[in-house]
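In what follows, chain A forms one complex with chain B and a second complex with chain C.
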Partner chain A sequence: MKILAHSYVCPQAVLLNGKPVSDLKNEENPFKSAYQQLGVDYPKFYKMDVLSKMAFIGTELLLPYFPEGIDQENDLQLIFANSSASQNTDNLFVESYEKLKNPSPSLFVYTLPNIVTGELSIRHKWYGENCFYVEDSFNPGHFSEWAQMAFDKGNKSCLCGWVEAKTDGEQECFLFLLTNSENADNSIELELSTLIKQYRNE
Partner chain B sequence: MSDLKENLKAQIIEQLNLEDLTPADIQDDAPLFGDQGLGLDSIDALEFIVLLDSNYGIKIADPSEGKEIFQSVNTLADYISKNQ
Partner chain C sequence: MHKPVYIQYLSLVSPLGNTVEQHLEAFKNGVSGIKLTEKAGFQDTSIPLAKREGNSSNRYDTLLREALEKARQKLSSKLFENMAVIVSSTKGNIDLLPGDTFASTKPIIHEFFPKTDVFIISNACVSGVIAINTAADYILAEKYQEIIVIGIDAVSEFVSFGFQSLFALSNEACRPFDKDRNGTTLGEGCGIVLVSEEKVSESAVLYKGGSSSNDANHISGPSRTGEGLVRSIEKTFKRSGFTASDIDFVSAHGTATVFNDEMESIAFGRTNLNQVPLNSMKGYFGHTLGAAGVLETIMSIISMEHNTLFPCIGYCETGTSVPLNIIQRMESKEINTILKTASGFGGGNASLILQKLP
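For the complex of A and B:
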């Protein structure tokens, strides 16, 4: 198993393989700016919740690194996780019917975290398996185990991500593309742990 | 009519939670649904029905009418001006 590429999206910046792609510090609408800088035309982006927006941007950046010769439609597994599920959107939805007396259908459709993987699958026509775990914090060991399970079942690559939008304003999306390589060092936990610390400036 | 269209654009942004958009991003004649324009879908059609009812007191009895009414800001404004 090895990491082919990785991206990091937060309200302050977008990075690819550790290098800055967009500086968003002075942007009023950072994710809108990041989307527009991608140069892609996908108006549904504007409807997405924050989780999906960040994952969309991070995934677009990783596309050139997808391994050639792999049936992405069927042999790619999406493995995502976070600690707050869709709580940010859940709260907005509650607000829409408690305060505004209007339960919003457009918010309701994002009141599950795995909508993120659905949005990516629709965008890229990926028909493989996908899953979204909720756990206390980013756990490289778990991602390694989940990816190994996917590879054992015949998947050729995994797009993995820790995508978080907490109600306190903390927002980040760390994506990494894994492939099953027999010649590679199977221990990716340390590498993932180091990468996310670097992205978080810890 | 132009005031109505501007109000509609602001209401669409608020109702559909399109927080990254401004009224200037929405063209009067751009398709609201499908892959072009705003890329809205059937869930958003429900939002439009709510919007017309709550903001303009217009109830759409036959949902199939929506396909024509919700084509663009122009068609929405035209329908409102004729039915309010």
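For the complex of A and C:
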């Protein structure tokens, strides 16, 4: 297993393979600015929830690194996780019926964490396998296990993501693209824990 | 598949009862758990729901503890040193908002199975089938010897109001695949199965393979062509070595919304499953979301065990562009191999195949 590329999106910055792509510190609407800097035309972006917006931006940056010669449409598995599920949108939806007395269907459809992988699949025409886990915290060992199991059953690459949008403001999206390289060392755990610490400035 | 993987039921709790035996009786007698429920909808409207008695808060925690208690009784004589738990749920305990809705899940499981590794899968209405598939992946990877899979969701105003806002609820008990279907009915329940490398109980059947897929089409509307479901079924056939002609029974998703059931009929037509006896169990359980895949897999195992096809209650007349072989009355049939499918929000689809032990 090998990490081909990785990206990190948070309200302060966008990074690709450890290097800054966008500085968002002075932006009033950071994810909108980051999207505009991508130079892609995908108006659906504006209606997405924060989880999907971050994952959308992070994924666009990884596109040049997708391995050639694999059936990306069918053999790419998406493996995502976070600790708060769709908490941010859940609370907005509750507000829509408790305070505004009008349950919002456009919010309700984002009250599931796996909408993120749905949005990415729509954008990139990926028909492959999906799974969304809810975990206590980012766990490199678990991602490594899940990816290995995905490869064991025939998937050729995995787009993995830790994507969090809590109501109290904690927002981040760490994405990494994996391939089942036979020659490489199969343990990516150490590399992943180093990367997320660097991205979080820990 | 390199080595056998077994699956057996441990616990089943829903408005139909608290034991597998009560569910078997309910299915034999065509009993539905759905009732018109006063003041359950937005602005105190009445909506049909498959809801257990009582209006307590923390319905999820109560349901989880009840089902776990029964599962642990069945396992009490065995010592599992290398076991994990996978929970499938769309919302967890919604009463924990504005905090983490899954915060209570792991502590409750640890009350019954201390220190066990717990994974939570939240992948909309396909969570249950994906959780069973993932459990089998873990067994095949030899990471664990047994995995308890828990499918659970509780009725809440949050979800009811949401489905009402989408105009996705039926005004009567839902009618899967019927001509007059006009929406789904929400339900609640908890089903627990054990996926293992060795046969653990008499109810054991073989897990033969499974997969998931995405429609890559729309986040809340089903694909018009059934493309995602077709790809999952075909992948599951390929992984299990089975074809449509091997399948004796299909436990479909069948939410009873106009577009979902139409999509499924097209997908079953495209995969040559339109002649295979098929039901949706939403007429009994309602749509139990993250629990559905596990509840319906348990009832499929019971169908195999008793060689009995259970009717798709709510269904009367063909209502899809591809006619399906919908089971209309209880009948005896040798059932060796079953296909379970699920589809849901986020464009997800999943499927798995089970086979009776030789």
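Points to keep in mind about this one:
Here is the rule we use: the second predicted complex is superposed on the first by the 202 of 202 C-alpha atoms of A that agree within 3 Å, B and C clash if a C-alpha of one lies under 4 Å from a C-alpha of the other, contacts with A are read in each partner's own complex, and residues count from 1 in each chain.
Note that in this section contacts are C-beta pairs under 8 Å (C-beta built on N, C-alpha and C of every residue); 3 or more make two chains touch, one makes a residue touch a chain.
These figures come from a predicted structure and were not determined experimentally.
In the superposition on chain A, contact is made by A:43 with chain B only, not with chain C.
When the two complexes are overlaid, the chain among chain B and chain C that reaches more residues of chain A is C. By the touch criterion defined above, A:134 reaches chain C but does not reach chain B. In the superposed model, A:31 lies in contact with chain B only, and not with chain C. In the superposition on chain A, A:70 contacts neither chain B nor chain C. By the touch criterion stated above, A:104 is placed in contact with chain B and with chain C alike. In the superposition on chain A, A:92 contacts chain B only, with no contact to chain C.
Residue overlap on chain A between its contacts with chain B in one complex and with chain C in the other: 104-105, 109. Residues 15-21, 35-41, 43-44, 46-47, 50, 54 of chain B are the ones touching chain A in the complex. Those residues of chain C that touch chain A in the complex are listed here as 42-43, 90-92, 94, 97-102, 106, 119-124, 130, 134, 137-138, 140-141, 143, 157-158, 161-162, 164-166, 211-220, 227-228, 231, 235, 239, 345-348.
Partner chain B is touched in their complex by these residues of chain A: 29, 31-32, 35, 42-44, 46-47, 92, 102, 104-107, 109.
Considering their complex, residues 74, 78, 83-85, 87, 90-91, 93-94, 97, 101, 103-105, 108-115, 117-119, 121-122, 124-136, 142, 145, 148-149, 152-154, 167 of chain A touch chain C.
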